[in-house]
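Multiple structures follow.
In the two complexes that follow, chain A is the common piece, with chain B as its partner first and chain C second.
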Partner chain A sequence: MTIYNIYIFNRAGTCLYYHEWNRKKRSGMSQEEEFKLMFGMLFSLKSFVSRLSPTDQIQGLSSYRTSQYKLNFYETPSGLKIILNTDFSVGNIKDTLHQLYSQVFVEYVVKNPICDQDQPIKSELFNSKLDEFVKSLPFYPET
Partner chain B sequence: MSRQVARGVDTKKISSELFALTYGSIVAQLVNDYEEDDEINKQLDKMGYNIGIRIIEDFLARSGIGRCTDFRETADIISKVAFKMFLGITPVVTNWSSTGDEFSLLIENNPLTEFVELPDNHSQLNYSNIICGAMRGALEMVQLDVSVWFVQDQLKGDNITEIRLKFNKRLEDALPPGED
Partner chain C sequence: MAIFSIWIISRAGGLIYQHDYNLPKVEVEKTFSYPLDLVLKVYDEKVVVAFGQRDGIKVGHTVLSINGQPVEGRFCRDEADVKKDVLEFLNTESNYPMNIKFGRPKLSTNEKIMLAGMFHSLYAIASQLSPQLHSSGIQLLETDTFKLHAFQTLTGIKFVVVTDPKRTSEDLLLKRLYEIYADFALKNPFYSIDMPIR
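And then the complex of A and B:
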C-alpha cells in the first residue's frame, strides 16, 4: 500500500496545492500543464458520470482504478476538489478525504486570513500538517 | 502544541457577550469612519461577505452536509443548522413567496444587538447587516446567487427582526479557458 501524490483544486480550476510522496514516474509535461490536464479530465469525467448514470445519483464521481493505481476524488459542495492517488488496493477513503478537508484544509487554510483561497497555498504550517496527516494514514507505507 | 489545546477548548462555544461587544465596537468604529448610514451598511455587508466565503467551508466541514436539492431545504439548513451553529439561535422560516424563491427568517432575540440602542440620527443603519453579507457570501460559494436584506428590525421599533432572502439564480461551474 502506498500514497503517491495529492492535488487540491479550487472551484475555478486553480491548483491550490500539489505534493508528492512516492511518485515514480513523471508525466513528461510541465507541472502547470499537468494541473490543467488533471482538472480538465476530472471536469469531463464528472459530467460523463452524471450524464450516463442510469439512476439519480447523490455523490457522483468518487474514484477510478487502473491496474497500477487508484485515483480518489472528493468534492465539497463549495467546489473544492481533493485528489489523492494511492495504490490500487486501497478501499473507499471518502471519510479520510473529508477529514483531510475538515481537519487540515479548513483549519490551516480557511481559518488563516493570510491564505488567499484563489492562490496556491504557501503556508508552511499547512504543508507540515498535511504531511503529518497523510503519513499517519494506515495505507501510507512504513519504510 | 498549545494551538491544539486551545482548539480543544473552543468546542464551538464562546461567550456571546464577548462576541456581541466585539461586534458593537466594529460598528461604532464604522460609525466614526463614515458619515452616511448607507455607507456603513455597505461596509458591514462587505465584511460579512468576506466572512461568509470562508465560514461556509467551516460549516461544510463541521456539518458534513451535502448539496441542497431545493431552496426550501436550503432555508431549513440555514435556520436549523447554520444559525444554530454560529449564533446559537434558530430563526423561524416563514413568508414563502408563491414561487418558492423567497422567504423570511424571523429572529426574536438577535445575539448581536443584546446591548444596543439605536440613536435617532441613525435611522437608516442596519446594525446587524453583517449577517446579510455573510449569508450572501456563504451561499455564493455553493453556487446560489441570493439577495439578502432587512425588512424589520427590533432596533427600529419593530416587533421582530425579519431578514428576507431571495433566490436569483444558480451559478454554473465553468471550465477555465484553455490555451489551445
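And then the complex of A and C:
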C-alpha cells in the first residue's frame, strides 16, 4: 500500500495545495494544466454521478479506482475538495480525509490569519503537519 | 442487491446499447395551498425544485404532474385544456389548493447518449492523470447510492454496469456480457460495427 499524491482545491477551482510522496509517473503537462485537468475531471465526474444516480444522493462521489491507483475524493459543504491518490488496495478512507480536513486544514490554514484561502498555501507549518499526518497513516509504506 | 442499468459504449464514445432494470421510482404527491413554500426554477426545460426540501421532496426533483395532469416540459394544461407555463400557473392564487407530484427526472435518450460520451472522456482522463505507470481508465466508481463497474475490451469497447453500492465484484458479469455481445451482436450479419444494437 502506498500514497501517491494529494490535491486540495477550493470551490473556485484554484489548487490550494499539492504534494506528492511516491508518484511514479508525470502526466506530461505543466503542473498548472494538470490542476485544471484534475479539477475539470472532478467537476464533470460530480455532474455525471448526480445524473446517473437512480436515487437522491447525499454524499455523492467518494472514490474511483483504475488498474493502478485509487482516487479518494472528499468535499466539504463549503466546496473545498480534497483528493488523495493511493494504491487501489486501500479501502474506504472517508473518515481519514475528514480528519485531514478538520485536524490539519482547519487548524493550520483556516485558523491562520495570514493564510489567504483563495491563494495556494505557502505555510511551512501546514506543509509539515500534513506530511506528518499522511506519514502516520497505516497505508503509508514504512520504507 | 440490484443491478440498475447496463451500458455498452463504442470505441468512439457512442452509446450502442443501454438498458435499465427495475430503477426505483422516486415520486411524491402532495396537496399544496397558496403560497407554495418551495422555490422552483426552470432548468433544462424542466421545472426543478431549487430550494426547500420537505416531506420527501428533494432539491433537484422536477414537477411531474399537477392535479393528475402530466406536465410537458415547462408547460401544463389547466381544466379548460389550455397550455400554460407551469411557473405562471403555480403563481396564480385562484388555482389553489392543488395536487403536485414531484420526482427524480428520468434520463432521456439524448441525456443517456451524452452521459455515455462523458464517461468515455472521463475514462481517458483518469488514466492520463494516473500517478502510477500503465494505468487503465476508471474500473470502479463508488458513490453513496450506486457503484459503476466498467470493463474495456482490447478493441476499446466499454461495458458498464451500474449496481447497488453493496455489490462487490462484477467481473464475471462484465466478461459474460462481452461474450454475449461477441456472439449475438457481432455475429449478426445485419449488424454494422459501432452502430446501436437493436
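By definition in this document, the second predicted complex is superposed on the first by the 143 of 143 C-alpha atoms of A that agree within 3 Å, B and C clash if a C-alpha of one lies under 4 Å from a C-alpha of the other, contacts with A are read in each partner's own complex, and residues count from 1 in each chain.
In this text, contacts are C-beta pairs under 8 Å (C-beta built on N, C-alpha and C of every residue); 3 or more make two chains touch, one makes a residue touch a chain.
The structure displayed is predicted, hence computed values, not measured ones.
Undergrad: Looking at the overlay, does A:F48 come into contact with chain B only (first), chain C only (second), both, or neither?
TA: second
Undergrad: State whether chain B or chain C is in contact with more residues of chain A in the superposed arrangement.
TA: C
Undergrad: According to the stated criteria, A:M38 is in contact with first (chain B), second (chain C), both, or neither; which is it?
TA: Touch partner of A:M38: chain C, not chain B.
Undergrad: Which partner does A:Q57 contact after superposing on A: first (chain B), second (chain C), both, neither?
TA: In the superposition, A:Q57 contacts chain C only.
Undergrad: Answer with first, second, both or neither: which of chain B and chain C does A:S67 touch in the superposed model?
TA: In the superposed model, A:S67 contacts chain C only, not chain B.
Undergrad: Considering only touches as defined above, state whether A:G13 meets chain B (first), chain C (second), both or neither.
TA: first
Undergrad: Would you sort A:M1 into first (chain B), second (chain C), both or neither based on which partner it touches?
TA: In the superposition, A:M1 touches no partner, neither chain B nor chain C.
Undergrad: Using the superposition on chain A described above, determine whether A:L80 touches chain B (first), chain C (second), both, or neither.
TA: first
Undergrad: Regarding the shared-chain residue A:K25, is it in contact with chain B (first), chain C (second), both, or neither?
TA: second
Undergrad: Name the residues of chain A shared by its contacts with chain B and its contacts with chain C.
TA: Common interface on chain A, chain B vs chain C: 40, 58.
Undergrad: Mind pulling up the chain B residues that touch chain A in the complex?
TA: The touching residues are 7, 53-54, 56-58, 60-62, 64-67, 141-143, 173, 175-176, 178.
Undergrad: Touching residues of chain A toward chain B in the complex: what are they?
TA: 11-13, 36, 39-40, 43, 58, 76-80, 98, 101-102, 105-107, 110-111, 117
Undergrad: Considering the complex alone, what residue numbers of chain A touch chain C?
TA: Per the touch definition, chain A meets chain C at residues 4-5, 20, 22-25, 27, 34, 37-38, 40-41, 44-45, 48-69, 71, 85.
Undergrad: Spell out the residues on chain C that touch chain A in their complex, using ranges where they run on.
TA: 4-5, 23-24, 26, 58, 60, 104, 107, 111, 115, 118-119, 121-122, 125-146, 148, 162
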